[in-house]
Amino acid sequence: MDPILVKILYALLTLFIVLNYGLLIQGIVPKIGARVGRRHGIPFYQAYLDIIKNYSKRTRVTHGIMFYIGPVFRLTGGIGLLMFMPVIFGSNMFQNFSFTGDLLLVLYFQFFGVLGMALGAAESGHPHSAIGVSRGLSQTTAFEFPLTLGVLSLAVQYQTLNISDIVAAQQGGFMHWSIMTNPLAAAAMLIAFLGAMGRAPFDVVLAPQEIPIGPPTEYQSGLLGVLQLNRAIFPIAKLILFMNLLFGGATSWPELFLKTFLIYMWSVFVGVVFPRFRVDHSVRWFLGVPLLIGILAIIVTKFF
Amino acid sequence: MGKEELEKRIVLSPDGEPIEIDPINDYFCQDLPEVEKKSSIAILEKFQNWARSRSLWVLGFGTGCGAIEMRPLMTPKFDAYRYGIQWRPTPRQSDVFVISGYLSVKTLKRVIRSYEQMQGPKYVIALGSCTINGGMYWDSYNTINRLDHYIPVDVYIAGCMPRPEALLAGFEQLKKIIREGRGEGANLYAENFEWYKANQKKIIKDWDMPDYNW
Amino acid sequence: MKELIDRLKTSYTVEDYIQQRSDLAHITVSKETAVDFISHLQRVEGYKHLVILTAVDWIEDGKFQLTYLLNNPEMKNDINVKVFIERENATMESIHHLWEQARTYQRELKEMFGIDFPGSPGVDKPFILEGWHDLPPYRRDFDTKKYSEETYFPRPGREKNDPATYMKQKLYPNE
Amino acid sequence: MVNPIYIVAVLLGVAFTSGFFSKKGKNIAGYLSMLALGFVSFVSLQWLHGFLSEQQAAAQIFTTAFKPPFSINLLMGKEEAVFTSLINIMGLIGGLYLFRKLKETGSNAFIALLLLIMGLNVIVMTRDLFNLFVFMEISSIAIAGLIILSQNVKSISSGFKYMLAGGLISGMLLLGTVFLYYFTGTLNIDGMLQQNLNLVKGSSVAVFLVITAIVLELKPFPANGWGVDVYEGADAGISALISSAYATASVYVFMKLIPVASEQFQFLIAAIGIITFVASNLMGLRQSNPNRLLGYSSISQIGLLMAIIGLSSVIGESTNFIVISILVSHYFAKAGLFWISGIIKTNSIRDWSVLRHSKILLVSFGIFIFALVGLPPFPSFFGKWELIMNLSGSHNFIWVTAILVGSFLEAAYMFRWLGYAIKLELPSEIKPVIKLNKIIPVILFAASVITAGYFTGMNHEYGKLINYIPLAFALAFVLIEFLPVFIKNTLAIAGLALYFYLNYQSYTDISRIFAAIFLLGGILTLLAGYAYKGKRLGFFPFALMMFAGLIGLIEAKSTLEFFYAWELMTIGSYFLIIRGKKSITHALSYMLFSIGGAYLIMAGLGIASIGKADLTLSILHQVTEYAPLVFILLAVGFMTKTASIGLHIWLPGAHAEAEADVSPMVSAILLKAGVFGLLILLMAMGEQFIGKVSIPYLLSWVGALTALMGNMMAAFQEDAKKLLAYSSIGALGYAVFGLSLMSHLGWLTAISFSITHFMLKALLFLAIGGVVWRLKTKDMYKMGGLIKRMPFSFFSVLIGIIVLAGVPPLTGFSGKWLFYQAVMEKQWFLQGAVLFFSGIIAFLYCFRLIHAIFLGQLKDEHRNVKEAPFWILVPQYILLAVLLGFSFLPGSMLKPIGNMLLPFLPDGAIHWNGQLATTVYGYWNGKTVMIIIVGIFSVVFGWLWFMNRKARKIKQFNIVYAAERPFRPETTHFAYNFFAPYKKAIGFLVAPGITNFWNRIDEGAHAVSDKFTKLYNGNGQTYLIHIVAFIVVIYLISFGGF
């Protein structure tokens, strides 16, 4: 078969696995939370039901072309992010299209969906959407700074921006993982990770009680379904990125599931403990200690 | 009546030409609802109904004293989440509208607007006696007596007030109705739109919105 | 309180005076002097707080009673100034210049009783009823039951009972 | 040749004859005088022509058989011919200007004028000290007579002060003359020069007296209060005579006598001159009366000439060229300005907007201002250039600094004045009466100063090399201003295209890129000009002048050509910027920063030329002395154009207020001139160090902080064009950083970034300009929902911001990717992180721009608004096509640039395999990224379309609004103070500290100026005390101090 076609098929397989994993994790994490609170909690397959339900809605409205393609941008952003990353280290099957660009492509491509979604939400003309976007963008700029410093520090450490090379350099036991070899960078990145996941305490962007769920407030039916698909894929793609950069990547799917799940739980734990930050607080917070850690990480890796 | 923002007005364009603005026509979609057919593939429709019944998103809108009865459902004691019930802050994403108690005329207007902004198929649970026959407010000058004259109701829960358990039972009933394919309130509304509208307009004297709020 | 009332009596015609409690007195004054009187209480006697402004419909006498309940936070006592006005074309001077919030009370009274307060800002705007066209609903000559039956599609078959007799019958059927 | 003695004879004769005419015959007296002046002008011009064609030898003339001092001893040499020509022409034209005035006063006035001119002629030509004294007295009295003849209180009092000061000065001169005669036994200046006066005991006092008297005649600071009062009090026509003719003569006297003085004394005089120059210009800042302002300016110019003559031993043989070129500019400009002032007759420079009633006067006014300030193509430009080159070439940095500071101050008030005239509201009550006899002199002089500029250039070694064709092309548009926009625009585009086609092959690689940005960019932005109707007066000459300057930068071979082009570009862009509605202050600050920057460049080039015989641009390659200083001066000069942090405050206002197609010109194109300058600087000089710190390293921080500040400010703007303007500042920060990396990747980033930025900023400015065109507002919160009305503009902005934000797959990402590879290579991570952070902040304003304008709620008044004009969309879509092309095939842009850079930075760290770029650190394939993303996008879109095809289109108020409905679009559109939480969190970083800094400098200068002006209280006695004190101080310095 045509090698490109094979690649596409393997990429689709990756996408399928990740989508299901993402949907399941959306059910399982609340389930765990519920069990901790001695509740039954939602069924673990609830996310599937919600998506099917939303696609089965019979009416849908649109505010205009940008509103309509906003979710398309969003999902493209999510899938693309996954596609540009090597998922399983050492496997030819699950390298996706990582041959087409390095870490920078991945970092910048994150914004593709964010920007498209923001534009779509804004076309609805709903002030809450605009407020949500304003908050989201403000917060994003803030946590990206320590994140970048951390990533740069890793790049200095490994002298490459190639994700596969970074993963390769971490093989050979957990003592080789970046989080052990470059703890400062890892700290900066993991703090930024909290912001990137958009969970408490950094979830004022959605703020259901105040600005009804922020940007997607006007989205419904199939359009919301597309967004939900992205909600399953995009966080997992980010988790995979962090896993690759900090935790030695994964050589098999079970390892990937385990590692990403544990990384995910880090944001969950923080989220259940801390209350919500206001945007100006979180901006200042990210530009405080995490930023200093990031700078320190760069200085340490560069000079020592 | 003080709705000057909805009256026609003349504004000057940047070039200084006068433009007439008719807010109701210019700013609101004037389309009327249509009956949305069920899927022609029976099994698909059944599958969809199953999913719909297992994923009930409730609009977070409390109309009367019954609103307080909804809250316990989110607590560990009742834990409505296990039945696929969640609360959504926006009507665009909600399936179920729980009318929780008496409805004054003023609130009814907001209820109609929110109901119409929900996407079909959509369901209404009427909670408490007030929504059935006016309850203790039956002779009030300002509260409605029968909700089903204004929007289609799928499930009634009688009582003043019904306990959260009753509400849960009502949800179970609704699920059954949906699974049986009888949860067609939205289509009922579209079919009898003129009757509903006439009833609504009879009591809402200052009708300041389009006939259907998309 | 006593000496306060005496002091007031020297400069105002007090039509009626009831000392209900040691810290609550009801004073009736005429419609013409009422605003002057209230203003005196606010500015001179320290009744800085307007607790409520409401009305009572004395349909039999053809009068509305306006009730201005004032509170003196220093002395910790209240004075209820009662003013009787004609029920027909009821109007009263506005006191929004004394208390800004009085405009809201006056708007309510206009809507619910039909008492006009010329000059009170926004007094004609709807208060809680939107688009009300009938008699003001708090007037006692407005038949709310009839209105409800005509307007709100009463559900046929609805029974109603006198709660006292009904409960007695339910709880003590043998008595 | 007519014997120059006839000059004296005719003038004297006519003056005597005029005396016989009664009041009735004053017309005849007037015409006779004019004839006489015409005749003498002819005589001197004839001599001048003779000297210029080099057929004539200098002639000595003695009037009688007696020897001097009893006869008049005249010398007519080349210089004398020049100076007498100037004086006589001034007499003729000034007389014409004053004709009515003098006629009213009577024939005496004509006599005074004739005597003045006669006196000045002799002053210039005489070689005899006593003659000099006598004729200085004659002309002094004639001037005092002319002043007093105006017969108003102010002029009489100023005439009196003039007499007082004149008496004191001539007393001193006479004393000095007597002493000199005593010591040397001759009164002939040449005779004195032959004796070495320094060796003659006691002669120094005599020299001191004579020279000091002459210096005082030139009105040095602070003993010049009387002079200023004269300029202010006298009739403007007479002030013109004093300022041009009398000053010309005095300067020449000074030139004649200065060799008598010792070298130390000459330096002292030069110091006085430079102090006068700086102080008078400082005081000029505070003036609001036009005549007084011109008075200060005159004094300062003479002060500068004094300094130059005093420094002649340092400057060497080009002194004469410098003096004459500066004097000529001053002569024409000051006379013209005084005349215009006489026509306008207002007491405040704020009322000069009445000039707009007469286009020709306004144009002349502009010409005079530019000539005075020393911008090309006027004579003083070359003079000043030569001066600075010579002074800095001989290590006289303090003098250079003082001259540049003084010139800068002068430029400040002159351009403020010009701005007032061009932009301030027309005062309704004043309507100038324009009479033919007054306007003709103005026009004549304006034309002459341009011609003089050309000839000065031709007489300069490198001035000859300048390519005047582009400038001539631009100026030709002045002649066809009456044609409609369509024709002029077509001609302009054709001109640019033809020029590019003819010349592009002659440029070197990198120059060609910038030539393409400048010229093709110019064509693109000019395309938008078709949208304008009518004539668009004053646009094309200046736009083309700017492009002429830009192309001149690329073609420049010598430093002078480069500097000439730089200034030309500044002039053109100044007028483009001042066309905007509220741009008066912005244009001024633009001009001041530009001139300041230009002076730094001039000084830098001057220092670079130390020890170089040949002033080509290649001298930058071989700077041996003061290389870091040269580097810093030039870099800071160029960074005024790239608007780097600290030097940026002119930009936002200037770009924001400009017209729809001017904004892209100045933002997308003009700023690249700074990048080009930095690029050639870095190419030539490489890395320089201050101590151990590398200057490019500092530059990298400047770039990073500029980017941060620019982008953050952009995020907080309410004005769409200001937002873009700040974004330009930020973007240029990237370019500066890229250049500062001094590596192949860094420069590749910088150059490709410049190209991309040019395209996207032109795109965005045009798109926003189109929106503003239709909406007539720039405030974003007043817009909204325009996607429905202006879909094409929306698409432009959409692509523009995606490129700007650097999101893959569009070409903006290539810049970011290269940038990181370069940062990795250079290991400047902290700056890199700051830049990355700025890049993220770009999202904030990008989103805000598109949201507040195109998304959200459409406002009432915009419901019928039309799409932007077709011709504004055309260049946008051309740019879009190119941008998308580069996005798909990034290698097609980057590979050639990389190859061009190879000769300079051979370690090309980037390898291409098709569209796959690889460095040691990473890899990226623009083409496949594009294919993959488009593929995913189409699949997802198809899926959504399939699931959702029946979506109902609803309107703008059909939103869920907590069960209510929106009130009005204005209250529903969330756009004002969009990033409020962000501002709350880190807004303190963008507090206007830098603007405040410059404002404080401005206030400080004005305060000092205020203090100085208080010296002049208008009292004649005080002025005498000043003069005496001045003499004493000078005496003490020259005899006690040394």
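As written, the chains take the letters A, B, C and D, and residue 1 is the first residue of each chain.
Everything below uses one rule, namely that a residue touches a chain if its C-beta (ideal position, glycine included) is under 8 Å from a C-beta of that chain, and two chains touch if they have at least 3 such contacts.
It should be emphasised that the depicted structure is a prediction, and the values quoted were computed from it without experimental measurement.
Here the largest set of C-beta contact pairs joins the chains A-D. Compare each chain's C-alpha centroid with the centroid of every protein C-alpha atom shown, and the nearest one belongs to D. Distance between subunit C and subunit D, defined via averaged C-alpha coordinates, is recorded as 78 Å.
Averaging C-alpha coordinates per chain places the centre of subunit A 54 Å away from that of subunit D. In terms of their C-alpha centroids, the spacing between subunit A and subunit B amounts to 36 Å.
Multi-chain contact residues of subunit B (touching two or more other chains): 90, 92, 214. Touching two or more other chains at once are residues 952-954, 956-958, 960 of subunit D. Shown for subunit A are the residues that touch two or more other chains, namely 59-61, 212, 217-218, 221.
Those residues of subunit B lying in contact with subunit D across their complex are 5, 9, 11-15, 17, 19, 21, 23, 26-29, 31, 61, 90-92, 110-111, 113-114, 117, 208-209, 213-214. Across the interface of their complex, subunit B is touched by residues 30, 34, 37-43, 46, 49-50, 52-53, 56-61, 208-209, 212-213, 217-221, 224 of subunit A.
Partner subunit B is touched in their complex by these residues of subunit C: 125-126, 128-134, 137, 142, 144-145, 147-149, 151-155, 158, 160. Of all residues in subunit D, only 774-777, 860-865, 952-958, 960, 963-969 touch subunit B in the complex they form.
The touching residues of subunit B, when paired with subunit C in their complex, are 1-2, 105-106, 109, 132-134, 138-146, 149, 199, 202-207.
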